[in-house]
């Protein structure tokens, strides 16, 4: 004999709706949020369960804006190639592009945010320059012991300085956030440069890592900020691909180039 | 003998960068955008190639905010299930959730935006109520002839009225946008209700379709607005899944329920 | 007061397991399937709920083999680009490549299988050549009325004949399958060629559509055969990308080419 | 002035095609492979660049067959949920399911294959039982030092023994493969059991890890074997979801259960 159907007992606190209303984290979506908050502010609410201050909203929006676009990146190419085969499925093309946001590019936000969060907890509220420098060295040594790159420093194009990182760190200062995260991050870049023998500037994912800590976002979902930002960039590239398609050319040239030596 | 390597000649106008700057659609990302524009405004720029007016930025942000969250939807479940198996790949979990934004749920933005854009072009600037009603009937008849649902009307939960749709249409009016898109959409809902014999309110994807037209977004990328919005909601659910996991319970109960009748 | 937790009552007939066994569609996986059936045969079981005859297993395997590989296609490029950013997530790179199997490339299996299944039901067991030709014209006219391409005919590279299609249709004949599906498909290619004024051969997805019908696979999951086949091809390309990487070069050249005109 | 378009010089050795032929790793697809090789054999060719022996083809097919299906797993649920929202995009639903094949479930093939490959290289051709046991302890200690699970041992359901693992290891023995990989794997399970204080049997991903080594597949793409196998299972579940849908029920019950406490 078949057993009775089991009970499903789970809980989520984010959202519920009835016939005429939708409630998100205790706020009425239609009367209190739509038309009242910008998208970045609402994203902050969902990522932290509280509304941001004005300074927090400004820094969070800026951190997202900084990652939206960086030209014809590998994830843009994946999105455009996918759209070529499945133009009826815009969501699939965007998803294809997001899948490359792993440990090598945007996912480094996570690594940066993690060590910054852990080291700042160690350093306490107002550490001396020496303590910051020592902690930075400890961080760099830790990554080197694992033969890993230090997340958040160095960039293949922005070699002297990553201007997005500078813009974000300056903004955080102007908005009155505590300076320790930025000091630590710059000390890590200095220690990594010294250790590797070449200049490694703070990069944009490092600066976003600092923002993550300043904004109280859990480092375990920090990569999600990059995912949100890049989603916007990818939709922008699909707009252009519709107007000015390039995917077919890239495909044909790549296939022709790659198989030349095999042809009789 | 192998042919020479071919030339790749393609063009994109969105973004370029050099060692110390990033330029997006002609604007310096670091000096003119980071810290100056909110995320929704920047998204508008990328989707339309121009900066929004204040009213446009408000309506565009509101349209995105309205779609971010709707509880434990199928795409949220896909995201949480995926995160269970690959917690190291947040981007994969979000991508899994986005893949369900097809013709049945969020993708209906596209259908709504398309017929609204086409019908408004037909109706011209200031149509009479009769003309709007006739055009609405023509739209509804067109979908019925294909045995298709009319996109943008009706909702399984919000049966009397979709409060998100009302909030968006009211906001558009308050911001001074032309009223024809909203009039047409309400006429379509009335015609669809009459034709089907049950009350079908304007739903949120219909209202966003109207916003798409009012904002000058190409209907072919309108689904992308839903993709952007839901990305934020999905990251929010991963935050909660980390703190208060439910995926394992849903999996175990579903598997137990489904296979009861097969067990000896 | 909170309502009691609800009951979940669902059913699946595919698989159940206990501590020491796994049962798939009524067969013991470990004693009756592992080591006894090849992968294609097992796939046939899962797609049709019955074991194939020897001829069915041969044709089904052949249909899958025919689609595994076709060089540096757009989905291969999407996979390689994704792997570049997230080498720790092989599944994400493969998924990115699969997402382009939509209406333009592999997904056309679905369209071919659908009209073949519907037309063969109309034609009955042993139709005359005239009836086959008339039905083929009806099919082609139907697609032209919708301004749609006829699925299953024509190929950008294999312009005189798609050799994979010929190999599959010949194999089906040699294995003793009924010939009507192949006759109809060739008649459709002839009618489409006549109608368009240029030679359109039966292509591989058309031939697979015929196999789908001959094998009793539901056309609604026929695209899944292409998805299975291409998954294998994509893993093969990741093997090569690890040994002989090309994604970074394609990315750099594409970005350089696309943004030349923007640089000062 | 704009720079000239750059040259793209890349190379792939897998496949090329001309008007009337397709060549895969030096073999004519249409004359030498379609109709001659089963899907598993062809997959082996693509993953290793050589045709398998009869024994290798048998073991490789068996390893894939063992992972195709395990009931209503999290990835099956992700696939079914995605199909609910985008039924027009079967490839998207399958891709959503694949994205959960990460470090917690199927991806453990990779970990198992890696340590087996490395330890077997250390042990050499015909090690003593003592050497095997010592090496196994070293492997287990290594994972414990990182506070990581030992991949390839233990299963939540198959607690006394994973019957799929036994079936695969027995088959490898019967087919005459060297026994060291199996001996080492069993020794690892024994050492992990001793170290953890509870019985941890060899599981299916451990046994597949052993097959990976025996078959000469690179461990870095071993996860791809799980991806290939599960793709087939996921298409099977979509066949059933079309005939006997359950996704809507799971969604509705999960949403109802999760939000009970929020409702007035």
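Descriptive notes on the structure:
In order of appearance the chains are A, B, C and D, and numbering begins at 1 in each one.
Operating definition for what follows: a contact is a pair of C-beta atoms (placed from the backbone, for glycine too) under 8 Å apart; a residue touches a chain by one contact, two chains touch by 3 or more.
Everything numeric here is computed off the predicted structure, so don't read it as measured data.
Counting every residue number used by either copy at the chain A-chain C contact, over half are found in both chains. Ranking every chain by how far its Cα centroid lies from the centroid of chain D, the top place goes to B. Chain B has its Cα centroid 22 Å from the Cα centroid of chain A. Mean C-alpha positions place chain A and chain C at a centre distance of 36 Å.
The geometric centre of chain A is 30 Å away from that of chain D, both derived from CA atoms.
Within chain C, contacts with two or more other chains are made by residues 5-13, 15-16, 18, 71-72, 86, 88-89, 91-92, 95-96, 99-102, 106-107, 246, 250, 253-254, 257-261, 263.
Those residues of chain C that touch chain B in the shared complex are 8-13, 15-16, 18, 23, 86, 88-89, 91-92, 95, 99, 253-254, 257-263. In the complex of the two chains, the chain B residues touching chain A come out as 2-3, 5-22, 24, 29-31, 33-35, 37-43, 46-47, 49, 57-58, 61-62, 64-66, 68-72, 89-92, 94-96, 98-102, 106-107, 110, 157-161, 163-164, 166-168, 171, 174, 218, 220-221, 223-225, 227-229, 231-233, 235-240, 242, 244, 246, 249-250, 253, 256-257, 260-261, 263. Considering their complex, residues 4-9, 71-75, 77-78, 81-89, 92-93, 95-97, 99-107, 246-247, 250-251, 254-255, 258-259 of chain B touch chain D.
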